[in-house]
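Next, two complexes with subunit A in common: one pairs it with subunit B, the other with subunit C.
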Partner chain A sequence: MSIVVNTAVSRYPDPAWRGRITASLIALIVLWPLLIASEFKPWILLDAQSLGATRHFLASFFPPAHSKDFLVLLMQDTWQTIAIATAGLTLALLSAIPLTLLATESLSISRLESGRMRLASAVVRQVVRWLLVLLRSVPELVWALLLVRILGLGPTAGVLAIALTYSGMLGKVYAEILESSEAHATQSLLKNGSGRLAALFYGALPASASELVSYTTFRWECAIRGSVVMGFVGAGGIGQRMDESMKMLAGGEVSTMLIVFVLLVACADLISTFLRKRLG
Partner chain B sequence: MQHCPSTVPTRIKPATLLFLLGLLTLICASFYSLALQWSELFTADAARSSIEFLRGFAAPELAWPFLIKVAQGTLETLSMSALGTGIASICGLTLALPASGRFGPAARLAMRLILNILRSIPELIWALILLIAAGLGPFAGTLALAVHTTGVLGRLFADALENMPPAPEVILRINGAKPMAAFFYAALPQILPQLMSYTLYRWENNIRAAAILGIIGAGGLGQMLKYHLSLFQMQQAASVIIAMLVLISLVDGTSFWLRRRLTSQ
Partner chain C sequence: MSFVLSGLSVRHASVVRNNSLALIDINLSIKQGEQIALIGPSGAGKTTLLHALACAHQPEPGGKFSVFGLQPWAMQPAARHALRGRLFLAPQTPPLPPRQRVVTAVLAGCLPQWGFWHAIISLIKPREPEVAYAALARFNLQDKLYARVDRLSGGERQRCGMARLLVSQADALLVDEPLSALDPTLALQTLAVVQLEAASRNATLVCSLHQVELALSHFPRIVGLSDGRIVFDAPRNEVSETMLAALYRNTPPTQHPESIDPEDTCRPGPSPC
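And then the complex of A and B:
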């Protein structure tokens, strides 16, 4: 047996190599216009001038800036980044909860009775869904860019941008989690005449609470990343500082900020994993 | 309160209480320290200027020459996202081999660390750094997407490789197959649908990222949006935003369809 496998295997190291090579060739031909459209020219990287600029910039990364004033400033910005993410997510939560309650299909009494939703409720649900889709389809950076025009530079634009995008995401996913949870308890409560809120609190919520909290923690982690990025359009925090240092080509400052940023994300990651493990 | 059973366990553990208190402190501290300009939001003046701002968007620009430019931007964004994801899926699989412990625990730890660093720096920051090496334009954006996504996919692929049932590959190895052959015959077919599904999921994320990367000068629709917004040409900006939304929903739809086909097979 082993001999048979051995010869077959040594003759064809990859069972599907013909298919794979053909697929790669076809993919390359199909991708050609994409390569042109995105000006894919890797040799630019090896151009002497750009190599020199890159080397110069990277060399200035060491040593990372560590003067006391700069570190104090950086700590303030880091806190601002965390605060923007937290405040934004809190506002998102406040607006996502009522929207979720409106959008969740398993809390529909009319559907339970007749198998179909009443027209008015169906329309309200659909409108809320579209609102959620609109809120989350516009990227947070675009919200921030627009809000900075209305509110001026500063953290308010960042907080609102996170609140808008994340209420769309939270609302959609919360509704999905609630709908996919065990429907039996909720349905029997509703059938026996309990109100929607009571059915939610006693039926759907206990069944899916840990999943809801776990998703919210995950989103908090994403919001921290998002709030860094929004600094680049002037919404405050560590991103705004990084943008300034980048424009001055102050490599040392950039590298310190990158280190702080990686640590920040790692911490948020740890906290969120820890919490989710406790729940799960 | 008749439906409230009296036996509901209402005891809260001290640890939970402590956590909730900490959370509340964090939220209060955030709102307090940010000093948000609520007055800017809720005065009649602010409402008027916001409405005026929003009305500027009305009647998106639909002239042909401009639409063609938008279409070019859309194609650029689409290519950036597709190429970035494609490159990342190949690099991710390559890096996932050491990261799944196939070359010893030391290589695994080192590679996981590298993947974590690639992953925790967002695309936009990679793009800023790469702009210096690759110059303004979509190429820097493509590279930035590829670098960040390599970190994400590498980790997901490594986890998939570690979590799959090892028996088929082990049996081939015991019977004398070479490592490479065993990998291609036994390991890859098992996880390929999962890898494809992860890649498609990242593509959905990357189309969003590609749409905004241009805001810092890395090409595509974002660059147009930034340009027209900074000139206060709101109608053009509105067209660009609509193009973004259409593109994102098209990619979402395609990816959803592909993933369903993958999982139904």
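And then the complex of A and C:
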């Protein structure tokens, strides 16, 4: 049996086999020091002291706070969080859409003609890509810390922080979605002499509308989470309230807020599913 | 003169440099209003020639190429793009986004003439749906006006692409295998509509076909293309059986150059006659 296998191996060797083995070994060798550097010790979670602390912390979550005053306050904060996320995302869209149009290669007429882009347009596209990298490489929390110092405590800092980071993310992913969608319709419109924007709206957009909507609602969901985190540094909303409750060790309030959170994310998911069904 | 090509060579449109020539030393002149059938084996360069005529791919330097008396590759990019609005290239695979409605897909043929805002408004509420209806009606597709493209069959999509051709204002129609998804009866009807339209507005029609007998019976002038070269260019009554046999001979399948666009895949052609 082993002879048969051996001859089969030598006669039809899989050219990818050695590369796969090597890549897996290299991945292991690279990952091991990373695990050590990140002090990855999950078993700590399970020792007696940690378990006790966890139990104590979780026990304080019950029952969730549900006094009328608190719920009214929480509703206001939730509304503010949603407002921060939505306003931030809208501002991000306003700058991401033009940047996407500049960064998308499949709308290049010069590339259509000769297979490569004109130098000037290639330079513009590269500059836009760098701008997008710059915008999204600074986390929204850092933008928020910076903006809180400039604008003072409050939701404005959160809105602007989300707008800055998310325009970078949206621009990059929109451009990639548009480029990976079926280019035939768009290119055919360009070859027939329609304008670039018109070709985008009549060719690429119907092909990738549902992916774009799905990604945008996912980003809205992320913006809600992001605005909560930024609340901890004073950018308003439910996060600021949660920061106060945590400091006061009011576990019941924290657990109510977590429930609101789950509801918000589930709501975003429902909206996304509904929209994709409509467009799909 | 609609098109004049002399000594024109075109490379395959692909990112890889130094790739082979898809068209070699093409000499062709086409008068305004002429109707020409382009025949030849798969991979002969028919699609590349249509793309070159549509100013969609830049030819190699050295040859001469003029459209309506203008030299597109000596023009500014914006002027060249405006010129493309006078040429209509219908690719073999209908370029219709599956999620678009038929009315929008057909009216997209008007985009070169429309301003940007006109185009955007038409996306929300179709402007001139009666134009699209009339174009579809000539292919017996008027019932599909507000249907989505992905609800259409392959043959319906192909005729929907031809309806887009009808609404365009182009002076030259460059059609790549318009009949590949149609049964013989529909193929005859569709070809008749396209030819009638071209004749009625005195537009030049260059049409690549795999159905040699249709080409010979419907087009006054036949251009045979093989391996990137023009093998013959003759009125139909001068095209003989021997010329056709020679055109479709000596093309081993392994040596077929790839078709110009990955999306415009050529189907293996049926044997002539």
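Keep in mind that, in the parts below, the second predicted complex is superposed on the first by the 218 of 280 C-alpha atoms of A that agree within 3 Å, B and C clash if a C-alpha of one lies under 4 Å from a C-alpha of the other, contacts with A are read in each partner's own complex, and residues count from 1 in each chain.
Definition applied: a residue touches a chain if its C-beta (ideal position, glycine included) is under 8 Å from a C-beta of that chain, and two chains touch if they have at least 3 such contacts.
Nothing here was measured: the structure is a model prediction, and the numbers come from that model.
Just subunit B (first), just subunit C (second), both, or neither: which does A:110 touch?
second
After superposition on the shared chain, which partner residues are touched by A:198: those of subunit B (first), subunit C (second), both, or neither?
In the superposition, A:198 touches subunit B and subunit C alike.
Should A:14 be classified as contacting the first partner (subunit B), the second (subunit C), both, or neither?
first
Tell me which touches more residues of subunit A here: subunit C or subunit B.
The partner making contact with more of subunit A's residues is B.
Let me test your reading of the model: by the given contact rule, A:183 touches which partner, first (subunit B), second (subunit C), both or neither?
Only subunit C; A:183 stays clear of subunit B.
Please work out whether A:28 is in contact with subunit B alone, subunit C alone, both, or neither, and reply first, second, both or neither.
It touches nothing on subunit B or subunit C.
Check whether A:279 is in contact with subunit B, with subunit C, with both or with neither, and answer first, second, both or neither.
It touches subunit C, and subunit B stays clear.
For A:246, select first, second, both or neither according to whether it touches subunit B, subunit C, the two together, or no partner.
First partner only.
Please work out whether A:207 is in contact with subunit B alone, subunit C alone, both, or neither, and reply first, second, both or neither.
Second partner only.
Considering each complex separately, which residues of subunit A are in contact with subunit B in the first and with subunit C in the second?
Residues 189, 194, 198, 202, which sit in both footprints.
Flag every residue of subunit C that touches subunit A in the complex, lowest number first.
So the residues of subunit C in touch with subunit A come to 13-15, 51, 54-58, 77, 81-89, 91, 93, 95-100, 104, 108-109, 111-112, 114, 116, 119-120, 123, 168, 170, 261, 263.
If we count contacts the way the header does, which residues on subunit B are in touch with subunit A in the complex?
Touch residues, subunit B against subunit A: 3, 26-27, 29-31, 33-34, 36-37, 40-41, 46, 49-50, 53, 72, 75-76, 78-80, 82-83, 86, 116-117, 120-122, 124-125, 128-129, 132-135, 137-139, 141-142, 172, 175-178, 180-182, 184-185, 208, 211-212, 215-216, 219, 222, 225-226, 229, 241, 244-245, 248-249.
Could you please specify the touching residues of subunit A with respect to subunit B in the complex?
1-2, 5-6, 9-10, 12-16, 27, 31, 33-35, 37-41, 44-45, 50-51, 53-54, 57, 79-80, 82-84, 86-87, 90, 137-139, 141-142, 145-146, 149-152, 154-156, 159-160, 189, 194, 198, 202, 225, 228-229, 232-233, 242-243, 246, 254, 258, 261-262, 265-266, 269
Which positions of subunit A touch subunit C when the two form their complex?
Touching subunit C from subunit A are residues 109-110, 112-116, 118, 182-185, 187-189, 191-195, 197-199, 201-203, 206-207, 209-210, 279-280.
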